[in-house]
Amino acid sequence: MAIRFVDVHKRFGTKEVLAGVTLRIEDGECFFIVGASGVGKSVLIKHLVGLLRPDAGDVFLGDQEVSRLSEDALRPVRKRCAMVFQSSTLFDSMTCAENVALPLRKHRRMAMPDALAEARRRLEAVRMERFADALPAALGDGLRKRVAIARALTLEPEVVLFDEPTTSLDPVSARRTDQLIATLCAQEGVTAVVVSHDLTSIFGIADRVAMLYKGGVRFLGTPEEFRASDDPVVRQFVRGEAEGPMEV
Amino acid sequence: MSPGARGLALPAFLGRQALALLTQIGGLALLARDLGRAARPESGGLDRVELLRHLYRMGVRSVPVVAATAAFTGGIMVLQAAPFVEQFGAKDFVGFFATFVTFRELGPLLIGLIFNGRVGANNTAELATMVVTEQVDGLRALAIDPVSYLVLPRVVAMTLTMVALVVLGDAVALLGALGVAHVLLDVTFAQFLDSALSRLESWDLLVGLLKALLFGVGIALASCFYGLRVRGGAPGVGRAVNASVVASAAGIFITDYLSTFLLP
Amino acid sequence: MAEAIPTPGSSAALRWQLRQTVELTARTLEMTFPRQGRSAAARRALATQMHSVGNRSMPFMVVTMAFIGAIISFQTALQSQEILPDLSQVGATFTKLLVRDLAASVGALPLATRVGAGIAAEIGSMVVTEQVDALRMNNADPVETLVVPRFVACVVMGTVVLVIGGFVAFGAGVVVGQLAFGIEARTFASTALLNGGDVALGLAKCATYGGAIALVSSERGLSAFGGSEGVGRATTEAVVGSCFAIIVLNVLLSTAGYFLLPAL
């Protein structure tokens, strides 16, 4: 499913975070949104599932304008477009299996035992079956994130939004997560929108990259073009230099 | 500040307070309306798994503290009344007084306050934590309505639990009262029971249960409301809990007062 | 860490909480009367806490106690109609009950909700955000800097608030007696049954409850762990623990009062 942002504006108090973002993401693409911390990457993707509403502009998911839908009308949208949060947002009163079983129970109308059995199969896919009965609080960041990914994929969405999926993960877990995302796009035809500043992920699996800077899109292109860009701000970001023109 | 503005400081303060109060009452009413919407089957209806979990956590696990409090309070009630009972020679009335006061006032009020502190505060803290750690957004992103999944089972569980705990608390308080009446005033079990049964009307018990129901709904709505509208990270959770228990306690006393006069 | 923290809610956890509270009480009492007098900073902290416990609880307590006074007066008069030929004694009985027990014991429960939740949330957030550790690193004893001012403020201002609350409840009771039962305010506002022992017992209860609220809530706050959820849990346990402490202390003080400071 293709995604379009058309001149999206969003401000929090006096701070204008998005000052007219226009962007088109193609069907089945593995698309990375990068930028310095606090530049509004998470803010941008939360508009796709109605967790935030734009002050002005339109957000299209496929042919549907989603930014002005009611909570009730957003429900079918959210089944087709899943989100993996930066903080995983597993429900800490439930075990990992119960977390994954919840959407099955609510949307597929499965009874608890069936949903739990299905949840275990889903956890196997992310190599988490050993932790099915553990509470999320007992797991580290990387493991929690894998459960969160399994939960987001339960309803077989067409679009998955990943908010910093590899941040705070060790390098091995990070590359495994990359692999999982790449497989989703290549084999299942899922559109993945990944917010990240992990350069290894970008150059490893991205089809295209957009860099947000000062409320707008500063760069848009392939990872090779990103690496070779002669824009001083982009160059500073790619090389991770402390000194330069970039304002944070 | 100009002299004119200083003169208006008090009315401005009162106005702000009144507006804040009205905003909160309005928010509560909106939550109650959303609950009605959330109960429809197309929103997901009442989640039985969650309902059972909350019934256990809120109800079963509150039994020890409610029973202990009720037993002590029943005893204190007779202890305080004992000198007057002796002075007025009203031994035949002890059973009736104890049951009447327990059923109509003390049982619902005291257990309401304990319930507010234990279950209401806990509920606010839990929901507020879920908001602060984005778990509620996570729920919405899974296309699950937070009001239907989080609030509705909690409100139903809290209301049922509160009524059940009041029934239990009433019974235990009366045992406490009977114990002290027996030791201090030589009132026998038969006297106590006879006094209660001959004068008490079933209406008295009903009023108490009705109060319990109102308190339960009130505490449930307030604790969910303050939990869901938390602002400002971890310190916000503490503030939300504080606001919730204070608002519920005030609500309990005001409801109690009104029902004392309106339900004779 | 020397010992593992028991699972919350278990009986081992309750015993642990009790022991911690007793230890904290001893250390607080020891530091409440410093040999070298109080520093300017300590006096400022004390003033802040007194303002928070006293002034900032007043609106809530006044409203609550007015309703409580009205309810008690209404029920006392209503029940007395059953056994007494005239209602001239009701006022004196109401006053005596209020002074001897109810103003302190019933008023302390909402006070515990308001103040106890605040203390636990405040200290608890400081613990989970490692501010208490920072205090320790600067050689400031958390008990001395955090608990002592709250303890003194609760004992002093708690008593003041409860006494004022008692007067408010008394006033509300007189109004209800006049309006609902036609008892002359002059007859109703009678101190005929009151003696010095009643006042002493009432004041002792106020001060004890105030101190208990501060200590139980501070202990829960200092034992908080695990982020905002831990702060919420500490707050809940502080309110329930304070209410329970008040009820148990009431049994002890009322029993002692029954024998040492006879009512009649």
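Residue numbering begins at 1 within each chain, and the chains themselves are lettered A, B and C in the order written.
Keep in mind that, in the parts below, a contact is a pair of C-beta atoms (placed from the backbone, for glycine too) under 8 Å apart; a residue touches a chain by one contact, two chains touch by 3 or more.
Quick caveat, the model's predicted, so the values are computed rather than measured.
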Contacts common to chain A and chain C (chain labels): B
Selected interface, A-B versus B-C, where C-beta contact pairs are more numerous: B-C
Innermost chain, taking as reference the mean of every protein Cα atom displayed: B
Whole-Å gap separating chain A and chain C, where each centre is the average of the chain's CA atoms: 51
Where chain B and chain C are represented by their mean Cα positions, the distance between them in whole Å: 19
Chain centre separation (chain A, chain B; CA means) in Å: 42
Residue list for chain C, restricted to those that touch at least two other chains: 229
Residues within chain A bordering two or more other chains: 92
Residues of chain B engaged with two or more neighbouring chains: 126, 133
Touching residues (chain side chain B, partner chain C) in the complex: 61, 65, 68-69, 72-73, 75-76, 79-80, 82-84, 86-88, 90, 93, 97, 100-101, 104-105, 110, 113-114, 116-118, 121-122, 124-126, 128-129, 132-133, 199, 233-239, 241-242, 245-246, 249-250, 253-254, 256-257, 260-261
Interface residues, chain A side, partner chain B - complex: 46, 49-51, 71-72, 74-79, 82-83, 85, 87, 89-93, 102-103, 105-107, 112, 151-152, 155
Touching residues on chain C, where the partner in the complex is chain B: 9, 60, 63-64, 67-68, 70-71, 74-75, 79, 82-84, 93, 97, 100-102, 105, 109-110, 112-114, 117-118, 121-122, 124-125, 128-129, 227-229, 231-233, 235-236, 239-240, 243-244, 247-248, 250-251, 254-255, 258, 262-264
Residue ranges of chain B touching chain A (in the complex, touch as defined): 43-44, 47, 49, 53, 126, 130, 133-135, 137-145, 149
